[in-house]
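What follows is a pair of complexes built around chain A, which joins chain B in one and chain C in the other.
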Partner chain A sequence: MSVIEQLVSGLGMPNFVILIPEIVLLITAFTVFILELITKNRKVISAVSILGLLGSGLFILVVVLGILKLILSPITLKEASQNVFYSFILNNFLENFVTLYGLYVVDLFALVFKLFLIVGTIFVLIHLRPYVESKKSYYGEYYYLILFSLVGMFIMVSSPNLISFYIGLELMSIALYVLIGLYRRDYKSKEGAYKYLIIGGTGTAIVSYAIALLYGRTGTFDFKEIAKTLIISDNLDVGLIGGLVLLLIGLALKASAVPFHHWAPDAYEGATTPVTAFLAVPAKIATYAIILRIVVEAFPSVTETWGLAWALFAAASMILGNFVALRQKNVKRMLAYSSIAHTGYITAALAAPTGMGFAALAFYSIVYLFMGAGAFLLLSSLEKNEGWSNSLDDFKGLAKREPASALIMLVFMFSLLGIPPTVGFIGKLGVFLALIGYEVWWLAIVLVITSIVSAGYYIKVVANMYMYEPTVKNRLNISLTEKLSLGILAVIVLILGVYPTQIWTLTTTISSLLMAGVGR
Partner chain B sequence: MSVEFVKADVPWITITILLPLIAAVVLMFLKDRFAKPISIAISAVIFIISSYMLLVYDPSSYKIQFYEKYEWIPWLGVSYEVGVDALSLTLYWLTALSFLVAFIWSTNINKRIKEYFIAFLVLEAGSLGVFVAWDLVFFYIFWEAILIPMFLIIGVWGYAERIYAATKFFIYTFFGSLFLLIGVIGLYVASYFQTGELSTSYFSLINTQLPFTLELIFFLLLALGFAIKVPMWPFHTWLPDAHVQAPTAGSVILAAVLLKMGTYGFVRFSLPWFPEASKYFVPVMFTLGVIAIIYTAMMAIAQTHIKRLIAYSSVSHMGFVTIGTFALNDFGVNGAIITMISHGLTSAALFLAAGFIYERTHTYEMGKLGGMARFVPIFAVLFMISAMASVGLPGLSGFVGEFLSLLGTFQVSILTATLAGLSLILGAAYTLWLYRKTMFEEELLDEERLHKWKQLKDVSTSEFLSFLPLVIFMFVIGIYPSWWVNLIQKTTEAILFKIRLLGG
Partner chain C sequence: MSIPYEYYVALSGLLMVLGLVGVTVRKNIIAVLLSTELMLNAVNIAFVAFDMKLHDVAGQVFVFFILTIAAAEAAIGLGLVMAIYRLRKDVDVEKLTELKL
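Up next, the complex of A and B:
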């Protein structure tokens, strides 16, 4: 008998039902891979990828709604088990949601993040084909690499275990290295990819060393088991501290937190802009998610220290990101630094290791999806036009040349700045509430002051768009699909800004479920 | 202290906030020529609704009237909660009036007409919201949301240095409001620790018992946000730039509505929430107020640019509101509230006058003007009434507010009252100077200007209609102030309730 057969006979078949989203994605990725060999029809490839994402996403959406219904409304277990749909949810997602022999967990936390990762990726794919075609740099590889990278993120947010976390991280990163470099005849793309490869590779090496040290100290890879071992023995030795510090550095590097951010601006600037959006938003959100899971599940006993470390990273990211962004003349690079600053705002919530703090982190990272991706994708639509180089001068008079795009950009800029009635404000409000509730006044003040600094560059973009005369008069070419997708993102940013209730409920629920460790 | 609520039969307030927003969205899809009529119609409806509310408001006891409340984020205790007491209502009414005036005035907009009106409509929704929101998150949302349209109004439709002025305006106010936000959240958290109940409602937060040091800190955080908006000396430097660069209607709204938000904040939040801290900071506020009154009045005298002069005069008048508020007695607070309304009317009218002059002569420099009175007689009369109301001539609105403020202050600090009172002379000096330099001294005119002035057109119908309500209400308040004082009396008592309890 092979090892697998022994496992199956000993422990039973793993629950594959809960892996359906991942399976759908993988099938799509391989289908695209093969399709790309036999057909040259780009629309088909794009459509198949998006359909696969939609299918996977719809499945997750239905499951998430079902779970929420079961958790939040007074349906008794008996009633639920009589209903086919509810009993399906109950059996698969509320009871047997750890699968693959404890290496994979599909709880509400993972599902919610997966849902939003898919949403982000769909928007990226919508903008990808027009962009790369206009740059004469089309490769079918973009599609399946993005899908593989997404599967990596899925594995990462679903990992209850250092090993599956590592596999997910690697799958995500390796696909990303190639994606960044996939830009024909562009020196910056190669530079960015190479930098990310070297620094990201170092990061994964650091993470693997951290895993080795933690395993050596605790004798287990499982987050919950690590937590138990740590609670039983309270002496902190070199192995544990070393492992923790290295893990922290590795994660900070992937989240591009200062001082481990050096790869980010170059990689962001070098990549094709939709890939930048993918790199800056879904990839980062997945990283925040796993950071959150690790801190809550593996190290509940050291959240204070962990929180302090993240507070320092966050403060450094906010200060450096915002001040450097102030000096940028290129809007894409400016947004790259703004993304570093947002890493600061989001991880600042970890300084308050409470339910509120975790909910704020989840909320901000989810809503950052819409504004962050929106801003980068708008750049990608503009960049398709001849002579557009993303410099601030290019933005002069955009409101006259392209009123709709200018209005959408205005919404994203004010949202990133955190002005109501956009959702960026609610995100910052959550972080403020968490920080002040935990009395981390100094970080709240840093957040405030750096936010004021950030006004300097965000409103510079708005001023350039609305208050100057255009230097070039020709009309810009942005297709209706692109405008629609950007318009949807902007409307979501506004709607969530005045009605964030549902997302708040969702993030509060996942943060409290995660903290309670329900079912695990 | 428990507060009574009178639920609204018809959600008037929500309607007035939503109407301009809906109109703004509709306008996006319409042609330019529809923009003005729709905006005027919408703001007229809002003004009528607000006037109706002003008339039906029952001032006999302190109740929050036209009250509406809906849950918003139950997890954080945030709800949409609006309603008015007399303080809210008067400023709400003033806002509605100012926007009506601004819309009627806006004829000579020649670029991006549609966007101009959309920006003003969004601004109107936000401004109305600030004065009626009782939930602090909503208050803050409205408070901040107005930055966006105002930033665009100054920056797009302003004069030469508009981008600098718009950026300065934005960053200054954003700076202040973030500290305000921290203060409010701090209070919210403190109240949660005390009562175990999450709520951002004004009426829950007011019951928080704070230790004295915390009260001082929160007071200062909030005061920073409000002081920049008022603006109080030394945070006033954004105001002259913003006023000078803003288009006329923008200046009107800035002076009549936006500045009131700061003083509204002091009266509404600082006094009832932080009674001990308010008492503690009286000397500081008096000092800043007196400096604002005297220093900016002297600055005003030194100006040659009409709008800059009026801007400095605004800061000076706001000084009276500050000292009136921090006199912490009935006279003072009543005076402060009436000064707010009166200043809204007079400064709006003065900025209209400045706009009128600019549209006719294309200059704001007083040295290039003069002797216009004979050629534009109706305008000269309207301008004169506004100027006199601003100076504080008895019988017009300015006198009532400033007199009550000074009366209130006199009971607390004779020195402050004396200094502030003496500076009324400075106020008269710069306003009369302004009037003389633009309207009189016909004998000093050279041939060229005399020739130009002869072709000047007097006020057009729409300009006259903009001036008219302002002038009427200057007289109404000036001649029959007791109606207004009666209206706000109970509210003032409610605001000072906690401070009274402290005694002394």
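Up next, the complex of A and C:
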């Protein structure tokens, strides 16, 4: 037996069954990569990508439902092992869910986030082709870069280890740099991409220096091992403090929290709008998920300090994001600042490091998917029209020209603002209650006041749509598919606003499972 | 006589700071890109130094990942610099700003 054979036989086969969603996505990405070289039929390429996403998403959906059934309902282990489906779930997803020699974990937390990331990406892909065709900027690269970026997010949300976290983060970001720059003959997109590349590259260097310091201090990359080492010797020395501070800065930079937000508005404005939606929603949500996982799994001993740091970032993001958004004339840039403010609302939940706070963070980031993606994608379908420049004046009289789109925009704006019965209200309420429960009064007050300030610009859009006569009379061209997908997003926002129980139960379950660290 | 690992860590810290300063003060977009690469290489030195301290090889494995990622970033960065130069015939950071508050 050769040396290599001995090594491999000692390690055993990794469990590939739980990697099926990622494998499906990768195969789709490479298929699109090759198809794009042979065929010029754009519908085929877009259909193949969406099919791959649907396949992967359906697999995850079935597994999530199976796990929930096993956890929440009184099925005994014996009954479960007799049923083929339940024993499949039990063997692969409730036991043996750490694979690739401890570098990859597929727990319920990761699966739920992956499900919603896929949902968001499907909506982005539906809107991508009409937009880039109308802007004469079609590239087949969009599809497989988005898929590769999504695989990076998948790796990131299911990383139990600093190595896989770093690789996932970089796979996601590097694909995003290219995606932002892909806008034919448009200088702004190159400038936005370059700014994101430089600031994101600095963030990468900072994150990897943090990893180096943590490795030097603890001698391991594994989250759980780091936590163990820190509990045994909990003195805060230079290496640990430096590592923590740098990791915080790097993560805040990737999540575009103030004061590390400078790349966000420029990159968002420069990119094609569906890519902006992808950048502002799925990429952000994956970052929030990994922030949550790192604090729970790697640093349970310093949650107080970590929470305080995020509270400061969150307060700064809420204040600056909302006040700067007030003076924007361009709605796309305004929504970019609003997304910075939402980073503030979401990460504020980390100031209350309890099950309630983590559940609120997961809940708000999941529902932000629907309203954030909806607002950006609606903008993308409006922007296809000749003479639409995204300025606030363009929205004047939209209700007369396009009643359906105006109504949908109204729902998204009210949801981002947090008015019941939309789901944005429930999300903010969850964060607020978590903060009150942990007695972080000052942050709760900042949250409420900045929410009121944010009405200034969200309501301005609504007022422009409904209280003015249209200046231009020409008809707007929005296809039925786009209206349908936007309508679905708006209906989800309304339904979840009236009946949030299911998602709330789901997020409470995943946060308590994450805190219990089941099986790891 | 071998040099203690702290010296290497100090060197890497110094390079990291130099890179950060470079990103903030340089005016040429290629030099800014170079500064980010400098920071990533500083991290490599830190990893190898910590491996010396811990008598381990895991850090050196991480260095390989950083090298590949740095290469990918440099490729994309230079591509963007080319695209920017074609559109504007300039590489000065201050003359290239269109997107502002």
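In the analysis below, the second predicted complex is superposed on the first by the 512 of 520 C-alpha atoms of A that agree within 3 Å, B and C clash if a C-alpha of one lies under 4 Å from a C-alpha of the other, contacts with A are read in each partner's own complex, and residues count from 1 in each chain.
One rule holds for everything that comes next: a residue touches a chain if its C-beta (ideal position, glycine included) is under 8 Å from a C-beta of that chain, and two chains touch if they have at least 3 such contacts.
Bear in mind that the values here come from a model prediction, so they are computed numbers and not experimental data.
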item	value
Partner chain(s) touched by A:G216 [first = chain B, second = chain C, both, neither]	second
Which of chain B and chain C A:G181 touches, first, second, both or neither	second
First, second, both or neither for A:P265, with chain B first and chain C second	second
Which of chain B and chain C A:F425 touches, first, second, both or neither	first
Touching partner for A:T505 - first (chain B), second (chain C), both, neither	first
Doubly contacted residues of chain A, that is, touched by chain B and again by chain C	none
Residues on chain C engaged by chain A in the complex (per definition of touch)	9, 12, 16, 19-20, 23, 29, 32-33, 36, 39-40, 42-43, 46-47, 49-50, 53-54, 56, 58-59, 61-62, 65-66, 69, 72-73, 76-77, 79-81, 83-84, 87-88, 96-99, 101
Contact footprint of chain C on chain A as seen in their complex	163, 166-167, 170, 174, 177-178, 181, 185, 187-188, 190-195, 197-198, 201-202, 204-206, 208-209, 211-213, 215-216, 219-221, 265-266, 269-270, 324
Chain B contact footprint on chain A (complex, rising order)	399, 410, 414, 419-421, 425, 429, 432-433, 436-437, 444-445, 448, 451-452, 455-456, 459-460, 462-463, 466-468, 498-501, 504-505, 508
Interfacial residue positions of chain B with respect to chain A in the complex	72-76, 112, 115, 137, 140-142, 144-145, 147-148, 151-152, 155-156, 162-163, 166-167, 170-171, 174-175, 178-179, 181-182, 185-186, 188-189, 192
